[in-house]
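In the two complexes below, chain A is the common chain; its partner is chain B in one and chain C in the other.
So, the complex of A and B:
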């Protein structure tokens, strides 16, 4: 089996995969459907293999069964506690039973509880640093590189004012505790909507460029790798 | 009673992670130091093992759905068979290659199944969106209002500023892109995110305290 050049066959098969997926641009067809299902199958299998080889075996089964022990170490029975977790996880399979599917809700509840508890960590760990960083000084100094004397940095001040104004206008747009028809609020809200449109445009542009990068990568693969692989497989 | 049990498990499951964040690392109680979070790795492994078991459930569901299709000979059964075959071949080859010390099988898994099929299929699948975005852009970027004009203008600035050709259009293109991202896009996104984060926390608390009844079988 090792005599087979899987690099070459991988490139050849990859080219057919790309062509089949792009054939969807013409219309939905059986080649696209076929390779779409191949993708789901391979991706599922890959997820299983990587989970087992990167977590289940090294972090669960090896320590729990004492297979990672050095000659001078003795087995500690408490390390088998992960089998209790596995037994709890198995309760999820009651989802397949019509009569006892409520048992699976215990594990789902466990997941929701953990997610709820961790949300505090995520909120306070992510929210407050961002909040503190967002309220930037409207009077900012920089130091003269020659003399070291402080001076007002007008560019940074302008940027910070713009930053604050943009953020407050957008927040005003989503703030419904007072009527948006009041003077000042109405204008800030309208400005917030416009600034969000600029942001959505920027996000759209970034996403298009990311997808284009993938497309260019595929085209390069087809033109360089696949073309050469066909040459070496069928034409020499 | 069943619902109460589920609610109790949900509440207790969140307590550890809630308390872990608010308590200091070294806790001094009755003359003794307790290190809360000392067994953090063990707790996380415990949780991971619980949810790793769901992989089997996913596979069972796939086999049930496509197996039924194959046995009944329903339209598209060939695709279902291909999906299951691809999954089984990948699992067998991957396990054999990684645990069976077989270089040939490891090469088949890494270079053909992963590098050849999965890598190319996923890249092609996601790059397909570039075409759909182009058609969506045609619809959404027609300048029918001031807002649409702003959106189109911002998207153009970002796209032109990101490509090497943009530098030929104007030397300021990359700076204009960076300026838009830094001083307009970032604060506006943060304005949206702050609201979303508060709402997310409120939702998480509701789930943790089992105030969201739909997760526990509705009113049953």
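So, the complex of A and C:
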């Protein structure tokens, strides 16, 4: 008796799952509902196994228990600190107890404090280059490649003026500390709203593209893998 | 009312959505079917990608690494770090990006490390380099290293910036990363020449510019994003926060074209056609959506015009 080809049956089952999920486009049905739950369960299970096999075991349990030592190495007791860190993390589960859930707040507070501190660094590292770039000259020069003499770069100037006008209009829209009825403010705010609409249009267009990509991937799977798997399983 | 004849505008506004789905399905399936059953015809019929600026900048940055390595000689102690933070949900767009980045690095024999911060990405981190290593003759541990799935988010990135091997500890096989030849001399973020983050998840990329730097240096960074995130990512590219950008699947298709330009036909196998085929299907479907949007708006306008005419006639 030949061994079961698990890869083949995996692909066949995958194709059936895809069809069941996409059956939602026709109408809501039990197949779709069932496989939606299957997907969530599989994704969660996969995440747990990956975390244990790729992190908890090699990076935490093995070193803390000294299982990664070579025959000539001796256990270093300071590595037991890994258990202290884990014990602090496990305090989070006290949130399931009504009486002792205050203990979980210690861990939450610790996490919030660390996240707050990191947010400062995160802001400067992540947003400063963009912030600095927003200070753009409205009179910009470029250099003639032949002579090296400076000359006005009208394209760059136009782009910078458009950028600054857009930024000021959109910022005006989000100033809620005064009424937007005054002349100048009203028009700038309205323009800011329109400019954001243009951006949302760009977002919509790119979102459509991304959604198409999801379907393309599944179609690729159905045409390339599933079709061949059906041929192998039933066509001989 | 039964038996009453509908006007054209009414018909336009009452098109069954399932018909729209069917047409989109056909538009996307035809290029894939052609690529499967008539690959030579498909190669001719696929649309050429635009030479996108973000993808070009990333390609040029990788090429500059070759020069930097030559100039530094034996003292060169830097790697490229790829963070492939995606799963099956965004595989269609992001997998070709990972593939062409790894292909380029392997073609130029640039050492790199690959890792993921999401459990679903672990399979791709293993599959893509191993597949391309067989084609291009690269060796695990010497040419690349796979850190596997590493949870920890921003904390891990912060640790990696200061002490990379200590933060990562082991590769996906459980071996200590310090023991791998590829990681010789790699200490912190200063030893990373380029970081490529390929993700469709919000906030994933932001951790790298925020935390992955030493007091004296910050690696160049590039972003491979899904189409949804392109408008956001452009501001990073414009401001110089990133040195390159994969503009969705089109970015990967363009990158493959650039790779074709440096490929040695006798040594290197051709890049995958997948990105180009996917992009063709996506473009056709996009045009279809534009037509539907135009038809829908035409239906609304015609209906409004007809109601105005009826109102004028009654008046």
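Following the convention adopted for this analysis, the second predicted complex is superposed on the first by the 225 of 236 C-alpha atoms of A that agree within 3 Å, B and C clash if a C-alpha of one lies under 4 Å from a C-alpha of the other, contacts with A are read in each partner's own complex, and residues count from 1 in each chain.
In this text, a residue touches a chain if its C-beta (ideal position, glycine included) is under 8 Å from a C-beta of that chain, and two chains touch if they have at least 3 such contacts.
Owing to the predicted nature of the structure, the values given are computational and were not obtained by experimental measurement.
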Partner chain(s) touched by A:152 [first = chain B, second = chain C, both, neither]:
neither
Looking at the overlay, what does A:85 touch: chain B (first), chain C (second), both, or neither?
first
Contacts of A:67 with chain B and chain C, given as first, second, both or neither
neither
Which partner does A:129 contact after superposing on A: first (chain B), second (chain C), both, neither?
second
Pick one for A:25: touches chain B only (first), chain C only (second), both, or neither.
both
Applying the touch criterion given at the start, work out whether A:233 contacts chain B, chain C, both or neither, answering first, second, both or neither.
neither
So in the superposed three-chain picture, is A:10 touching just chain B, just chain C, both, or none of them (first/second/both/neither)?
first
Touched partner set for A:214, first chain B, second chain C, both or neither
both
Counting residues of chain A touched by each partner, does chain B or chain C come out ahead?
B
Kindly classify A:59 by the partners it touches after superposition: chain B alone (first), chain C alone (second), both, or neither?
both
I'd like to check the shared interface: which positions of chain A are touched by both chain B and chain C across the two complexes?
25, 43, 46-47, 50-51, 55, 59, 114, 118, 121, 123, 126, 130, 134, 199, 202-203, 205-209, 212, 214-215, 217
Listed in rising order, the residues of chain A that touch chain C in the complex are 25-26, 43, 46-47, 50-51, 54-55, 58-59, 62-63, 68, 114, 118, 121-123, 125-126, 129-130, 132-134, 199, 202-203, 205-210, 212-217, 219-220, 223-224, 227
Chain C residues touching chain A in their complex are 18, 21, 24-25, 28-29, 32-33, 36, 88-93, 119-120, 122, 148-151, 154-155, 158, 169-170, 172, 174, 176, 200, 206-207, 209-211, 213, 226-231, 235-236, 238-241, 248-249, 274, 278, 281-282, 285-286, 289
Of all residues in chain A, which touch chain B in the complex?
1-2, 4, 6-7, 9-15, 17-18, 21-22, 24-25, 33-53, 55-57, 59-60, 81-82, 84-86, 88-90, 92-93, 95-96, 102, 105-121, 123-124, 126-127, 130-131, 134, 159, 162-164, 166-171, 173-174, 192-209, 211-212, 214-215, 217-218, 221
Residue positions on chain B within touch of chain A in the complex are 2, 5-7, 9-18, 20-22, 42, 45-60, 62, 76, 78-80, 82-91, 94-95, 98-99, 102-105, 107-131, 133-134, 137, 146-148, 150-159, 162-163, 180-195, 197-198, 200-201, 204-205, 207-210, 215-217
